[in-house]
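To keep things clear, I will list the structure first and then write my remarks on it.
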Amino acid sequence: MADPRDEPSDGRPATGAVATETAPPPVVAERGAPPPPTGVLGLLVREQSIIVPIVAVIAALAIGAVLIRAQGVNPMYAYQSLFSYSFGTADGLRGTFEKMVPLILCGLAVVIPLRVGLFNIGAQGQLMSGAICAAAAAHAVREAPGFLIAIIAMVAGILGGAMWASIAGALKATRGVHEVISTIMLNSIAAGLIDYLVNGPLKDPTQSYPSSYPAPEAAQFQPLGFVPIGLPIALVLAILVAWMLRRTTLGFQFETIGRNRHAASYAGIKLGGMIVLAMAVAGGLAGLSGSIEYLEIDPYRYQDGIAGSLGFDGITIALLARSTPLGTIPAALLVGALRAGSSTLMFNTGIQPEIVDMLLAITLLLVSLPIIAKLIFRRHTAKSSALASSWGS
Amino acid sequence: GGTSGPATGSGGGTNTAASGDCSSAEVFCVGLVTDVGKVDDKGFNQAAWEGVEQVKGELGAQTKYVETTDPKDYAKNIKQFTDAKYDVIVTVGFLMADATRAAGKQYPNTKFIGFDQFQADPVVPNVTGLIFHEDQAGYAAGFLAGSMTKSNKIGVVLGQEIPPTQAYAAGYENGAKAANPAVSVSKVYHPAGNTAFNDPVWGAGEAKKMLAQGADFIFGAGGGTGNGALQETAKTSGAGDKVFCIGVDLDQWDTLPAAHPCLITSAEKHEKDGIGELLKQIKGNTVKPGNFFGTAGISPFHDFDSKVPADVKTKVADVVKKLEDGSLATGYKP
Amino acid sequence: MEWLKRNQITVGAGLVILVAAYVFYAVNSNVATSMFSGAWFFAVPLVLGALTGVVGERSGVVNIGIEGQMLVAAFAAFFSAAATGSLIVGVLVGMLAGIAMGAFLALTTVKGLMDQIIAGVVINIVATGLTSFFYRPGKVLSANMPQWEVPLLSKIPLIGDVFFQSGPIALFALVSVPVVHFALFRTRWGLRTRSIGEYPSAADTAGIDVIRMRLVNVTIGGIFAGAAGAYLSMEATGGFERGMTAGRGFLALAILIFGGWRPLRVFAAALFFGFTNALASQLQGVISIPQQFITLLPYLLTLIVLAVAAGRVRAPAAVGQPFVKGEGS
Amino acid sequence: MSQEATQDTTRDRPVEATDRSAAPAERLLDIEGLSKSFGTVRANRDINLHVGRGEIVALLGENGAGKSTLVKQIFGLIKPDHGTITIKGDASPIKDPKDAIRRGIGMVHQHFQLVPVMTVAENMILGHETTSRGVLDIEGARQLVRELSDKHGLKVDPDVEVEDLPVGTQQRVEILKALSRRVDLLILDEPTAVLTPQETDELLTVMKELAAGGTSIVFITHKLREVLAVADRVYVLRQGGVVGEVATADTDARGLATMMVGRDVVLRVDKEEATPGDDVLSIRDLVVLDDRQLRAVDGFSLDVRAGEIVGVAGVEGNGQRELVEAIAGMRPPQSGRIDLLGKDITKANPHDTHVAGVGHIPEDRERHGLVASYSLADNLVLNRFSEKPFANGFVRDFDEVRKNAEALFTEFDIRAAGVQAMAGSLSGGNKQKVVVAREMSFRPKLLMAAQPTRGVDVGSIEFIHRRIVAARDAGAAVLLVSAELDEVLSLADRIAVIHGGKVVAEMPGKDADRTEIGRLMAGDH
């Protein structure tokens, strides 16, 4: 079947850059882009993928200030109480970090499939599967040494999430079922199955409210000061994923499929297998974040609300990070800090916590609309690649 | 609108003009942490906050609330108030039980009211659980429905299947059967998920279906989801004449005006009164640790007073009384 | 005739289902009617939401902001109706809100060249924030939405009860499906719309203003999501609740894909989903498996149907890709 | 069915050069001082050009010389930076394609501008639809297609979806579409790149008829034979500027090629007699289904020996694409057998065939051959990224990748900013060189080249041809699949004519008869 999403398949050549036999080869690096400036400006232009988000955040805070002022609150005071809590107190810092962990991991769970051209709306269900598998495994081996239980729970979480995501991957690869539908459906199915489990086989009878058995005390993660153990794990994984995508043959295969799947299959890359694998890796990360929530966060049980809206937050994070693995770290830091500080904000000023959503939305808007980059860098604006173009495949 | 009404939106947490220093002995400060949700949720968060506001004047209290957006923040949100040296902290919802007990142990000089939190032994001396028997409220409502149904079919639309909804449902069913053994009760739970208690459209759809299949009493017990069922019932033809609905948790006559056409009563836990009573006890230093059992029953009939036959009224009142004194069991086993 | 031949499977399956529905109706008319009504009641916002998707994505713009579009519309519809005391104003404002959100999507992506998925996510977040932030409790509608009976048609057994005795927005949805289908496949607008969603540079060279057409379509397409929102807060219930869309926008998205970007199939897919949903709640407490399993039914069946039968659907080829004049060819 | 349509119209219509060189009076198109830059690339610089009524003017130039850019401005697709375009005396700027169409300009674009999932009739009326009471008049559109088909002798079925048509027929649809409105000036941007010799002749005849009827034509092509056959005058572009203008009567192929490239080009391939060795590829009774599950390859058998070039000649759509994909492992055959050096590779996947020693220059380099957003370096190891030395196990070795690229860069004379330049930024010819370099660099046992010089300018064609011969001389078996009869004739040691998915004739390449092969390709055997 012709696939006009790629270049027209009529086999005609596309326009290329000038390259004549006589003239010296002209510069064709960026088709038609002006020569990159040098010096400080050059540095700024080259680093615009960092500068633009920073400016966007500042601009978003400024717009948010108007909203806050409209509530009759001094915006400076509001921001000060928010951030001085999130960053300036041990409690707040720990809260920020704790929130970062699942955000990074779920962000990665969206980033990786995006590279392959898949849109994973299912991090939510994958996280839940991971968490419940961790809970089940931890309970099964509850007599083991704490350290071992924690490892087993994490592995179980990874497997649980990976398995859940691979269902969507396999349906895509073998039956062509659009991953957006399958992951939405799988989210609901996970919710139902887990609801059964925590009301039935995995229910802790000492609890009136349906919840799993708690993680054995020895296996619970105790923070190192204000740094939760999940944080280094998440950071390391973000770096690993970045390394994997950039430097390994696996990453190359993912990337190739995402950019031109016809060329990928021509080059001998097995599309189906890679699609399942990418989803599995993504699901594994989401699942791991589920098991970390289980091991690290009070009440150390699987209970409703353990997943919150983390799976969907993962999408926000991935987009804020412009679908780069390392970008999820600052994105998660921002979101984590805003979320952690929102109750202090409410306590001190009465501003509703929804303000955080508004700030995020504005930030995302400003990061993604090429406006800021255009304003600052004019014609040196770097092109960002479209995520949405994978939709139709 | 209801009584004092929750903070009208933006103003948010603070509801006192003068904010004195809570650490001083003269200033009596009451803080409230909601379960995930807001103080205008027409449900238990709202009931709890209204309970606080109701006695605020009487006790000369300074009050404030923080709304929880993520269950993982319970402890953190409680800490906002302990850090500010509040005298009493009300935490809403069974999910906060663990966090409340932990905070209680950590801050022995602060009093805690754990709304809907059963305190198992060993009790924490400064934590009092405010407990209601949903099954009793459900039983009374079911008894009323069972006594009045003409079609012998009644229905209940619930949120997610968790102990309180189970208790309501079981009480409702048993109460109805006790009044009228021929009655058949259809009940439906919302599928699990984030929206189980906040899906009015689903609730409305289920109510519509039950009504079409002949039910003439719809009990909506599941937050926003249940409210949808009530609203749908209020819209059907014959609402208030042949078809009735029953609210839940608090007197929904006050919180859900849209249901007035059919809202004959609500299966009410007297939450506001319970909170008020406990706050007064704390102020008067008569509070006891452990569990404080609030009363549950049904709300006034309001406009429907004339539509409820006198004999039914007496029977229902009798049932409520017997439930209260323990001489009548609802048959619900948690 | 030609058409019948091409669609024999669809038509055949449709007939089988219709016959089965009437057999069910003959066995227990009460339950059958209520279940099918319940299915349609549930399907209305899905159909409308998906129609917004159809119009937008057929024009080449991905819309994952349907959820937010619906939520804002539900909010705007209810509160304007409550404030003015006029239902008509409410419905119109709801539709306008849908259109406004559509315009946002159109401007940011078509004009601003923002990534379409991101724009959709922004809409969803903004919608949650705005509607929650500005929510005020205690408002009521002055009256209920009317129930309309379509003359003659409403007298048909089963079908009449299910489809032709309902509120105005449900009827609007019912009418919109064939209208949009017809417009898409039989009119000039439809031909052009499909061309800009499939291969915009071809449309461009044929003298069609791709940018303008995308702007207009995506904007106007918001009317359906707007209607869906008004349906939720005014017709299906009588009030607005925070987050009351409860994921229906995402379901609409799934239905859109399930229905292969074709209005009639979208309608069928939504009804299928609505029916499995009605079936699931009808079975609760009747058969002796935990209700948690029964409530999974709609999701599971959808997955199975997709896997077995209709997995491969073809998206409009240019969906998701911004069009920049002069770069296309 | 479309198959028949092709056959039906591939009658051999000789193209005779008519003498219409007497300069026509009216200037239909007059371009003065036209310049256009994309960033730093000056695609057009100060171009002056005119076309008279009923005149056929050819534009020649290497890939990227600025031909398409020039005509896009005439059609209003892009706006000039400087200069004026005057059409029939009207010098007002051309706002957009709509405006151009209104002013009597029709264009067949270098890339198809047809909506693949719509029918021919729908495509034909897109943009100027007629409706009756709001409903599209599809019957009228069908009628229009039939009338136009008859009038110009280009047969197409109005109700087939465009994506189901062979490319040649799609091109016909494009031409008819351009002619479906009143056209005074017809622009044809490389319309013959995908046509068979017969189809090309057919088109050239239509062009001449149109010109005789007073339509002016701007014609872009890389094939000098065509220019000489129909054009009255030729403009040669290099690096965006006009470097020469000449009447066809005053020049020949060699002269034109020299003007284009700026040096002498060898148009004939010099090669030694082949010294074939053992069988490398052996295909028996192969059956392969196409995307519509029809038997595109239907009982195909062929052997290719080491050190020889076997050319598969045939009209496009006779199973060549499926044949090549089957050998490459991209499309599982239905039945039959493929052996490579005695090893069964019938069921192999692309990775296996690559490992077995098949180098494959795919027909569609944009789609299969390259990842446009990857660097040259990455593209040059696209199917070897996991092999040593480009990866150590799991981890890629960028140094080796770069070294490999740098070596091939010089060896294959790839013109680009450097090995880190994005493949998408290269000209067509250089893109093809990248693919050729990659597929030859691992010394394949079998080199399979599908349409290796399609849309590539003469300079690059010369280079690629030389490399293919060099690979043969180094002992590779070469399977050349080309719709370009000239290419097959000049390269192949042995020619197999494919029709209907099977070999209908085999002959030595040396004294093969062009007309005879053309006849066989058209199904006359």
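The letters A, B, C and D name the chains in turn, as written, and every chain counts its residues from 1.
Definition applied: a contact is a pair of C-beta atoms (placed from the backbone, for glycine too) under 8 Å apart; a residue touches a chain by one contact, two chains touch by 3 or more.
Everything quoted here is computed from the prediction, not taken from an experiment.
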item	value
C-D or A-D - the one linked by more C-beta pairs in contact	A-D
Euclidean distance of C-alpha centroids - chain C vs chain D, Å	44
Centre distance in Å when chain B and chain C are each reduced to the mean of their C-alpha atoms	35
Whole-Å gap between the CA centroids of chain A and chain C	28
Numbers and ranges of chain D residues touching at least 2 other chains	110-112, 116
Residues of chain C touching at least two other chains	132-133, 198-199, 292, 295-296, 314, 317
Where chain A touches two or more other chains at once, by residue number	3-4, 188, 192, 195, 199, 352
Touch relationships between chains, expressed as pairs	A-B, A-C, A-D, B-C, C-D
For the chain B and chain C complex, residues of the former touching the latter	1-2, 5-6, 8-10, 38, 40, 42, 161, 186-195, 198-206, 208-209, 212-214, 224, 227-228, 231-232, 234-235, 255-258
Interface residues, chain D side, partner chain A - complex	37-41, 43, 62-66, 68-69, 110-112, 116, 163, 167, 170, 190, 193-194, 238-240, 261-263, 291, 328-330, 349-352, 354, 360, 362-374, 378, 382-383, 385-386, 391, 394-396, 398, 415-418, 420-422, 424-432, 451, 454-456, 459
Interface residues, chain A side, partner chain B - complex	71-72, 91, 95, 98-99, 187-188, 191-192, 194-195, 199, 208-210, 293, 297-299, 303-306, 308-309, 339-340, 342-344, 346-347, 349-353
Chain A residues within the chain C interface of the complex	3-5, 119, 121, 171, 175-178, 180-182, 184-186, 188-189, 192-193, 195-196, 199-200, 315-316, 319, 352, 354-355, 357-358, 360-361, 364-365, 368-371, 384, 386-393
Touching residues (chain side chain C, partner chain A) in the complex	62, 108, 112-119, 121-122, 125-126, 128-130, 132-133, 198-199, 250-251, 253-254, 257-258, 290, 292-293, 295-296, 298-300, 302-303, 306-308, 311-322
